[in-house]
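Per-chain residue numbering starts at 1, and chain names A, B and C are given in the order in which the chains are listed.
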């Protein structure tokens, strides 16, 4: 692990993941660049990049309170991630954004746009796209139309032309990033992974928070470092997989890895879900290619009726490929969508004899002690109480 | 006045519970279970039954053993803050209490919780062999969206045909739509009459308008149309005689901008009416906006179905779409029905409503409309009891100068 | 004001087309000064003018039943020259000749005022909710379009589209001082004729929605209260008010 801590490029990526605005964005803005925020993983970065914008995935990193947002979203009943993200918007943390595309995923998320418009928080361009909640040819067509509207809106507001060629180039760029990220993940299949779960989170989250070309260069450097250096032998109790929404910070991994486990893979909104597969990088219609990828190839959100078989298949494949000993299924309180999915998965995993720990938590984990106790007990269960 | 509601409601209850939880009846025809809304005219015309599992669960919370059912639903362990109506539905499902359907049709209608129920239906192992069809209800209401939804409903029909080996008789579907159009016209007429002062009709929430949709074959019948005609005539007579609700001295008219749920109607709202003369003249499920199904062609018919589904089904109307539609409806209702106040029950599991409270509250403030946000659980009165809710509403009326 | 002007021309084109197809057209012109208009209308105009519901049996004619066809919208502009102030155009049958009928109904209100801007848009729209302000005329609660009834009493007093137009002009002008000119067009000649307005009404609705969204700004309300009273900064104020009310009731000062 010392390798990573001494790695300059990792420190850079970790710093970016651990903050909202960062020196890379500062420099970009000073050089006249523009940044577009977005909320859900189905908002295609490809179109934003093709428009000459730097995509930034909105998160609530560093938020200590959601007091302002709680005026707009009923605190007791709305997911804390949405509230903390919106609180950052209200306190000006996202004032550097030139645009925001709200992905109309769950009930709370899609109202970010309505509330943003009514608030005093300024944003030059705000747009919402919706993701179909079922899979089929009609739905691909529906989403392609959503993307076309998004493209037209951006073109009009920014006075740019987003040509097909630009989108194809952006697709190739994003595919390259995904391939490198998949390579990073594959290193964790080893018995002695050179990178922990927490470190992986930082690297992946940084990928949605800085210019793609720079990220690709940094990630290549990091991968070379990881592959060319011998990793120390490590002692860990169990290999775990995290499933659920969000996972844009290291808190869960820190807990697991602090107690002697190691997170070797995940299926989360900010993690493995976004690096899955590749968008077709040639053809006649790049928007169609993106729509097919999002709707048919990668329907991982349990908000998509019919997503469960794919989620389940991916989980079981990961268990085999990454030699997973146990699953941590974590969802935010009030997240009905993932609550249901984890419930179904839990039953399937139980039948297959794979231990799963379910944790309902707040975005800013306020009861760390409790979670630690439960994870510790879970690790003991997996290992039978032995090292 | 004929107590039309109890007749209709007991028929609905018998029909719905018997359908989902009772023994299999050959006469029910093929049986479809869904997580939420479906355009009911389709199964009726097809000669099969449809049950909305969400509604079954919600109605369970109105039974004498509601608390026990809710607690059992919590024990199922899907998600601790899941809507209690859905929790009861999950209990029914996981406990194996439901009749095995012949088909499952799900959509993301209304809310995340109903979606979750759809996922649970799709992931329920004992029914893994049951054919299923998933639809996507877009969060938009324009011609393109209606057409998109209509195409999916047409695909749903094809799915039903493939599973059952039957063919949809389009003429029969037209007949059903004609009857349904008549019923909608009558319900809209009834709605108009509630503008009268004093309000002439008992606002038995969750028993009006949109709830009829889930009666399956029992609803789209000339008998129900006849009942509705009687309801309208009786109410017209009330209006002519300037009569209000029996025993109520109407002082305050308010909008209850949510479902009534399983307990508020008979306790809180009844007490507000009786003791304070505060009449709930409208709630958002009863606010009908149906336009007739366009029968000119199969294409226009299904596009109309799409519009009905997305924009005119009251639950979908208020939950699926943007805040401005929700707010415009509030303003229209307040204006048209001469409401003195708006009560936002803000059911604790309504994520969409609870994401809009500031906007709604501020809009009402701007327009000078007194607005109270309650925060009850419409399915579990233990969360905020009727007495506590009554005190809050009464204080609100007093502070607003209405009492 | 936001981009409505092109639609004024399109509406005029539609009416011209209908005229060329031989539809009957009646045109009425009313004076610019609106104050005297109520005297020229045989029914009452103003708040509470139509206090009751018009029941089915009391209905002389129904307008804009969705089965018959309905389309209604309002457009405003700063270019007052585009609006023929006081002009009321009717294409199709009038009210007196339509007893017991259910007519398709298109209603277009064109408003001009040099000083009008987007901020007035919502108020102008609200003026369209005539509610109980026209005796014998009841609009049903169907969002997005107008579905209305005219009572037998009103018809018996001679209420027609000229009266309806005058009443609308009066209500709009009296409620919105910045309006300089207003023109109203009614179409009752057929469902297909009314449908011609649909393409415009959809665009107008979209633009309206954007304007209203821009206009909705929170005006500095200090609302920090969550549902739970104990977390609200104003709880002590609420408690004091409750005590005051209790005392006043005890003393018989309030009911």
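We take it that a contact is a pair of C-beta atoms (placed from the backbone, for glycine too) under 8 Å apart; a residue touches a chain by one contact, two chains touch by 3 or more.
Since we're looking at a predicted model, the values are computed, not measured.
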Report task. Return the chain label for which the distance between chain Cα mean and whole-protein Cα mean is smallest. Result -> B
Query raised in the report: Can you name the chain that lies farthest from chain A, using the mean of each chain's Cα atoms as its centre?
Result: C
Query - Chains most often in contact, by C-beta pairs - result: A-B
Report task. Please work out the Cα centroid separation of chain A and chain C, and write it as a whole number of Å. Result -> 48
Query raised in the report: If you average the CA atoms of chain B and of chain C, how many Å lie between those two points?
Result: 30
Query - Euclidean distance of C-alpha centroids - chain A vs chain B, Å - result: 36
**Report entry** Two or more partner chains touched - positions in chain B
**Finding:** 324, 346, 358-359, 362, 375
Report summary line: Where chain A touches two or more other chains simultaneously, the residues are 71, 74, 76, 118
Report summary line: Residue numbers in chain C touching two or more further chains are 213, 216, 218, 223, 227
Query - For the chain C and chain B complex, residues of the former touching the latter - result: 51-53, 55-57, 66-67, 129, 131, 138, 140-143, 202, 209, 212-213, 216, 218-219, 221, 223, 227, 238, 241-242, 245, 255
Report summary line: Interface with chain B, chain A side, in the complex: residues 71-74, 76-79, 82, 104, 106-108, 110-111, 114-115, 118, 130, 132-136, 138-139, 142, 145, 302-303, 305-308, 331, 333-341, 343-344, 347, 358, 360
Query raised in the report: Inside the complex, what are the residues of chain B that reach chain A?
Result: 76-83, 86, 106-108, 111-113, 115-120, 122-123, 125, 134-140, 144, 148, 151-152, 155, 319, 322-324, 346, 348-352, 354-359, 362, 375
Report summary line: Within the complex, chain C is touched by chain B residues 142-143, 181, 188-189, 191-193, 195-197, 236, 239-240, 287, 289, 291-292, 324, 328-329, 332-333, 335-337, 346, 358-359, 361-363, 365-366, 373-375, 395, 398-399, 403
